[in-house]
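Let me begin by presenting the structure, written as structure tokens, before commenting on it.
Labels run A, B, C, D and E following the written order; every chain starts at residue 1.
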Amino acid sequence: ATLDDVKAKGFVQCGVSTGLAGFSAPDDAGDWKGIDVDLCRGVAAAIFDDASAVKYSPLSAKERFTALQSGEIDILSRNTTWTMSRDTELGLNFAGVNYYDGQGFMVRKSLGVNSALQLSGASVCVQTGTTTELNLTDYFKANNMTYNPVVFEKLEEVNAAYDSNRCDVYTTDQSGLYAIRLGLSAPDDHVVLPEVISKEPLGPVVRQGDDQWFSIVKWVHFAMINAEELGVTSENVDEMMDSENPNIMRLLGKEGTFGEAVGLENDWAYQVIKNVGNYGEVFEANVGESTPLGIARGLNALWTNGGLQYAPPVR
Amino acid sequence: MPGIENANPFAYVSTETIPQSPPPTAAKGVAGWLKTNLFATPRDTVLTIIVALILLWIVPPMLNWLFFDAVWTGDGREACLGEHVGACWAFVEAKFGQFMYGRYPAELRWRVDLTGFLLIAGLVPIAIPSVPYKRENAIYLLVVFPIIAFMLLTGWPFLEPVETSRWGGLLVTLVVAIVGIVVSFPLGILLALGRRSNLPIVKTMSVIFIEFWRGVPLITVLFMSSVMLPLFLPADVSFDKLLRALIGVALFSSAYMAEVIRGGLQAIPKGQYEAANAMALTYWQGMRLIILPQALKLVIPGIVNTFIGLFKDTSLVLIIGIFDLLGIVQQNFTDTNWISPATPATGLVFAAFIYFIFCFGMSRYSAFMEERLDTGHKR
Amino acid sequence: MSEQAAPAPAKMEVSETEVAVELINMNKWYGEFHVLRNINLKVMRGERIVIAGPSGSGKSTMIRCINRLEEHQKGKIIVDGIELTNDLKKIDEVRREVGMVFQHFNLFPHLTILENCTLAPIWVRKMPKKKAEEIAMHYLERVKIPEQANKYPGQLSGGQQQRVAIARSLCMNPRIMLFDEPTSALDPEMIKEVLDTMVGLAEEGMTMLCVTHEMGFARQVANRVIFMDQGQIVEQNDPINFFDHPQHERTKLFLSQILH
Amino acid sequence: MAHTDGVADGTEDSGRASLIYDPKVRGVFFQAILIIVVAYLVYSGISNAAGNLARAGIASGFDFFGERAGFEIGQTLVHYTNDSTYFRAFLVGLLNTLMVSALGILFATIIGFIVGLARLSRNYLIRKLATVYVETLRNIPLLLQLLFWYKAVLAVLPNPRETGLEQGTTVLWTLNNRGLYIPRLIPEAGASAILVAAIIAIALWVVIGMWAGKRQMRTGQQFPTFLTGLAILVGLPLLTFFLTGMPFDVEFSALQGFNMSGGTVIRPEFIALLLGLSLYTASFIAEIVRAGILAVAKGQTEAAYALGLSPNHTSRLVIIPQAMRVIIPPLTSQYLNLTKNSSLAVAIGYPDLVAVFGGTVLNQTGQAVEVITITMLVYLTISLLTSAFMNWFNSRVALVER
Amino acid sequence: MSEQAAPAPAKMEVSETEVAVELINMNKWYGEFHVLRNINLKVMRGERIVIAGPSGSGKSTMIRCINRLEEHQKGKIIVDGIELTNDLKKIDEVRREVGMVFQHFNLFPHLTILENCTLAPIWVRKMPKKKAEEIAMHYLERVKIPEQANKYPGQLSGGQQQRVAIARSLCMNPRIMLFDEPTSALDPEMIKEVLDTMVGLAEEGMTMLCVTHEMGFARQVANRVIFMDQGQIVEQNDPINFFDHPQHERTKLFLSQILH
């Protein structure tokens, strides 16, 4: 089983993107940072009590599923859209949604465009092997418009092509557009159009057929959301250990043997929160308002705040 | 016979020796050189003028961009923005460590440096024909050095381990190229012998192997090795990603190496095989003592050329997400701190320069060896 | 140039008036090296001249200047009335009149013997193929190897190849033939075949300049022997006097080495 | 030694040879082991893959070929829309690969021959320039050059809206960073006559060539076959074009919105790829050509000159035929390399086989094993066909010697 | 095989009883071409046999069959009591006893003369290097070129190279020596050097089979001359009778061409 393999080798092998700011990108010291990275770190913390027991495999969009299928990585945490065919035909399981996104468009301000419906005939830069490529086709088709795709394998190449004005439009998930805009030579010359043309629930993926591993990844994610909902943060988690709130007690392993049920220690969630933080902390630290990306919680707010992030209870 | 009995009217004996005199001006000096090399015929003259104009058109802007308008210092993109800004060398300066070592931990980079030093210490004496102890040196390079290098670079088992995903830049480029050549060399010899064998199955398999690897693009091989290999292995076996790329590169280049070596084997006269036979040497003794030493010496230039090809091909590992020199340069284009119109071009020019230095050096060396072998080996 | 059918040249004496080749104060340098120094030479039509001399004395160079395979830098070379200058047209004219036979034959290995012989007549003289072939066969018979016409040069022995080379030159119906050590790359038995062919040519009155060390040949056919040393013509005389009463020290030394 | 231990003919009266020392037995034994090892490796690879796929619940097989692709491709030689099948997408990628390879081979050969000859030029400047060209391009990885050309091409060309075109007005041609736009000819009834005319022109050229050859052999007169042929090839279809009343609808391109529409477009990815592949391979071909010409002995040129052949005829009739046999085998390898290298298109967004099929299709279907296997086989087939053709060609020009 | 120090073989007569090489009804084909037809030959220890015959008659092939450089398809070859079959071990044994000298010497160009000579003793006889070198020097002295020991073959003249090739064979201390036209690639002056060496060997009683057209050599040392034509042994006799009274038509013809 994957858990045994992971325990035997002593680290989690985590598939990430080749560099998308806020989601998974190496910092100057070469350490990987981002929401997607923190999910892997959470899983490592749950297993080893050590969030750094992770090794990263940067993957292009094209390689990612094969890498997971072939067992090269244990988790794919790489802003991957959950779709039915991916879930059912590729031998994969999506373990939740750690970022609700939607596909959008970015254009130069100088084009004077303010709606995606004005884009007919445009050249569109897009990365290969993504749902983006298909959504794009569907959107233009539905609106009776035409476009000319310019398709690249790697994000850097798409960025470079768009930046050098090879295309009029850059399309990818909106979160990505903000991150990418930062990397352009003149970020202020570009706008992200208001239309969101698709649902893009992004989440971690595991191989099918290993329910235990599937559960671990799923529940690490849920634990982080539950922790935010319950107000448990990496700072106050030690104090919270003394909390009398039965929800918190179950979450932190004071009560019940929920961890053992999936082959972990009972304090698994404590370790996740202690070492990585709750969902809100992770979001703020990587993509939130205080970061250069400055993305609002929006759909990713807790359900209690009108967002979609909702986790089943630990019980 | 006609004419012989008549006293010859042309009979002549020179009385003085005409001294050697210098050639007329047209044939020597600057003018002579110009005349014969640039303006020999009207067509030559026209061509010369056209080419000179083109050079005038291209070279000065190039120099301006590279040197005169270039930005040499600075610590961010602001330095490289502006109207008439050439290359952004400040970018290269800031990222130099990454370009060389990738994300290899800074405090451990001495290990890479030491490895590099050990490599040069082995390579230089083997490359200079007059230095003795070639055999010992080759053993050092092919056996001892790889082990030391492996231990130094990975840290296994004594030092602090550094996983290969942190390696990058020129380090990875060199590791891939060198491992490729070291592994493909013996494999190439075996394949070449196999292809010349008269055991039909051995021969067929060698041919199929060689033709297959020579017929498919390296990037599909790399893709295969990087993401698909585990599919073909039992579920619990796994390799390092870099290692898999290395295997792919090694198999690929061993096919090319095999063809080079086969050329050498074919150039050895049949008499050498027969003499070895007649002296009761066994097949392997004959190969090891008689045939291969001669054949390999003959194909040194070919081997160096294969190495150059391999060295250039390492840039393709970029496509499977291993950050070799080119990969890491490209990745740094997205660094928000350094993004500017000049950055990508500067990065690419820098990478091109590094590759050029290595490849040009090797190709000069191969030409030098070719000349040496040519004069020293006439049959 | 005029088209001619396979000729049957009449036995001819040396002309007293017609100059075939004239070199006047000719000088040549290779870079700084003065290979040919003040060469003066007048060859009458029908003359057979043998050029001898130690290695490196400039014999080949002189002969190659005559059909402009090398360029001279000073003085004049007049061939068949045409002065050799940079004028490409004149060079072509001269080359059409001058045949050359090389030490290493230089047959075209990708063409058959017959094609070797017809190539220049067809492309330079613009002769119909059929006629070119007739002439070629005529000369191949002359050199006694008509049966090899459809073989490739690689299939012939050295002596046969050299005879083909001679036939190939003759097919252009040249007025002057240059030979540069035509026998020195051959085995002893083959030398005779080639020399016989050359003697035959000489007897028909062809103007010939021949670099060779075959002194028997020189005695038999030459009108004149020229001895060169260090880029100069040191001595010239008729063969009998040349061999029996050499005048110059250098000639004496050379002959003492050659004739044992 | 290999060649004495060889296969014996069997009529042997040597039954007493002890088995281990009989080379025949040894050979059979070693080869049997080899087969078993290889068969085992292949078998275990396949069974592992099957097992791994099954365990992971991944569908396998080639059914996906018939499904709707659902994505667009930037450059297509055959009709393709997002409603076409994956097979169609495969075909588009394959044709794009073939086109860029074929054109690349053509240009690389032309440039390579020119540069190779330039390296032998008497003109110092040209010689040195050719040397610099060869040494630079040979020693820099192709991938880097492609990136460079792509960026250079894009950097030089303007945005379509900066070219000063007016919205909606058609132009004959225009060049911008979306590509080179030229008119597109849409054939109408009668257009096929022009095709027929072109074919007739080619046939005429061949006939004239043969006639001129024969006439020269007969009368010695030479005939400017090449120029006449060219004139016919251009003239005849053109004449037909006008005679049939110009049966083409010409579609011009125009700036429409922020992009050009209509016409035929040659995209910058293609230009960059073609440029990169041709220039890079040409540097190798140049060296091959130079070596081939130098391999022809100097005496050959001298002999030809001495016979009065002009420099042109000398090259054509004497030097090149001999150089070709040295040139062709290494030239073949360069052609193969170019074809394989075209797979680097993936880095600059040209939709070749690897980008379309090994990239997008692989991802959308997830059938990595099938897709990569097919991709490799396709390249292998192209390589083998090219070699076979060049071998045949070589055997035709090979020197008949000895 | 037993190791032996550099021997000083005594002058030896032909043995009456000991057979060195025996070919019985031996046949060989190259593909469909029948090169050797029913060869029967018995060579006694100490015999010196010269094999002559026109080109292509199968001389080389026969000699190469004796140390199995070529495989025969029918009949028997027994060398030193060992029958040659497919058995690799026996082939090795035979090759250790049989030395061979080739027309083109086939020295190993990447090894010095000394290394050429010690290679086989060291690797095949498993002799210590020192001892192998002693023996090698002994034989190099025999062939009168000990001073060349540390040169490379490329630095020696053809005659010297051939003598090295002989010394190299002798270092393996063979009981039988095969020579395949050992002098035909040499210049006339060098032929004598090599023949002298071979005469020396013969005088010491070495069993020798020698393909050669040096009839002087045959007269001087051979016990027997064998004449081959079209893959058959046409005639054999002692040298005097062979040269003076050839019986077979083919032999007469051949001798008339060779001895002018």
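Methods note: a contact is a pair of C-beta atoms (placed from the backbone, for glycine too) under 8 Å apart; a residue touches a chain by one contact, two chains touch by 3 or more.
Quick caveat, the model's predicted, so the values are computed rather than measured.
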Name, by label, each chain that touches both members of the pair chain A and chain C. B, D
Please report the minimal path length, in steps, between chain B and chain E on the chain touch graph. 1
Innermost chain by mean C-alpha position: B
What whole-Å value do you get for the distance between chain B and chain D if each is reduced to the mean of its CA atoms? 25
Inter-centroid spacing, chain B versus chain A (mean Cα positions, whole Å): 42
Could you grab the centroid distance between chain D and chain E? Build each centroid from C-alpha atoms only and quote it in angstrom. 57
Tell me, which residues of chain B touch at least two other chains? 223, 227-228, 230-231, 235, 277, 319, 330, 344
In chain E, the residues touching two or more other chains are 69
By the touch definition above, chain A meets two or more other chains at residues 66, 69-71, 153, 160
Touch relationships between chains, expressed as pairs: A-B, A-D, B-C, B-D, B-E, C-D, D-E
Write out the stretch or stretches of chain B touching chain D in their complex. 36-38, 40, 44, 47-48, 51-52, 55, 196-202, 205, 211-212, 214-220, 223-224, 227-228, 230-235, 273, 276-277, 283, 286, 308, 312-316, 318-319, 326, 330, 344-345, 348, 351-352, 355-356, 359-360, 363
Touching residues on chain E, where the partner in the complex is chain B: 67, 69, 92, 95-96, 98-100, 102, 104, 106-110, 119-120, 123-124, 154, 168-169, 172
Give every residue of chain D touching chain A within the complex, in rising order. 52-53, 55-59, 70-74, 82, 151, 154-155, 159, 177-178, 256-259, 261, 268-269, 346-349, 351, 355, 359-360, 362-364, 366, 368
Spell out the part of chain B that touches chain E in their complex, as residue ranges. 269, 271-272, 274-275, 277-282, 285, 289-290, 293-294, 297, 377-379
Write out the stretch or stretches of chain A touching chain B in their complex. 5, 18-19, 21, 26, 29-30, 55-60, 63, 66-67, 69-72, 153, 155-156, 159-160, 182-185, 292
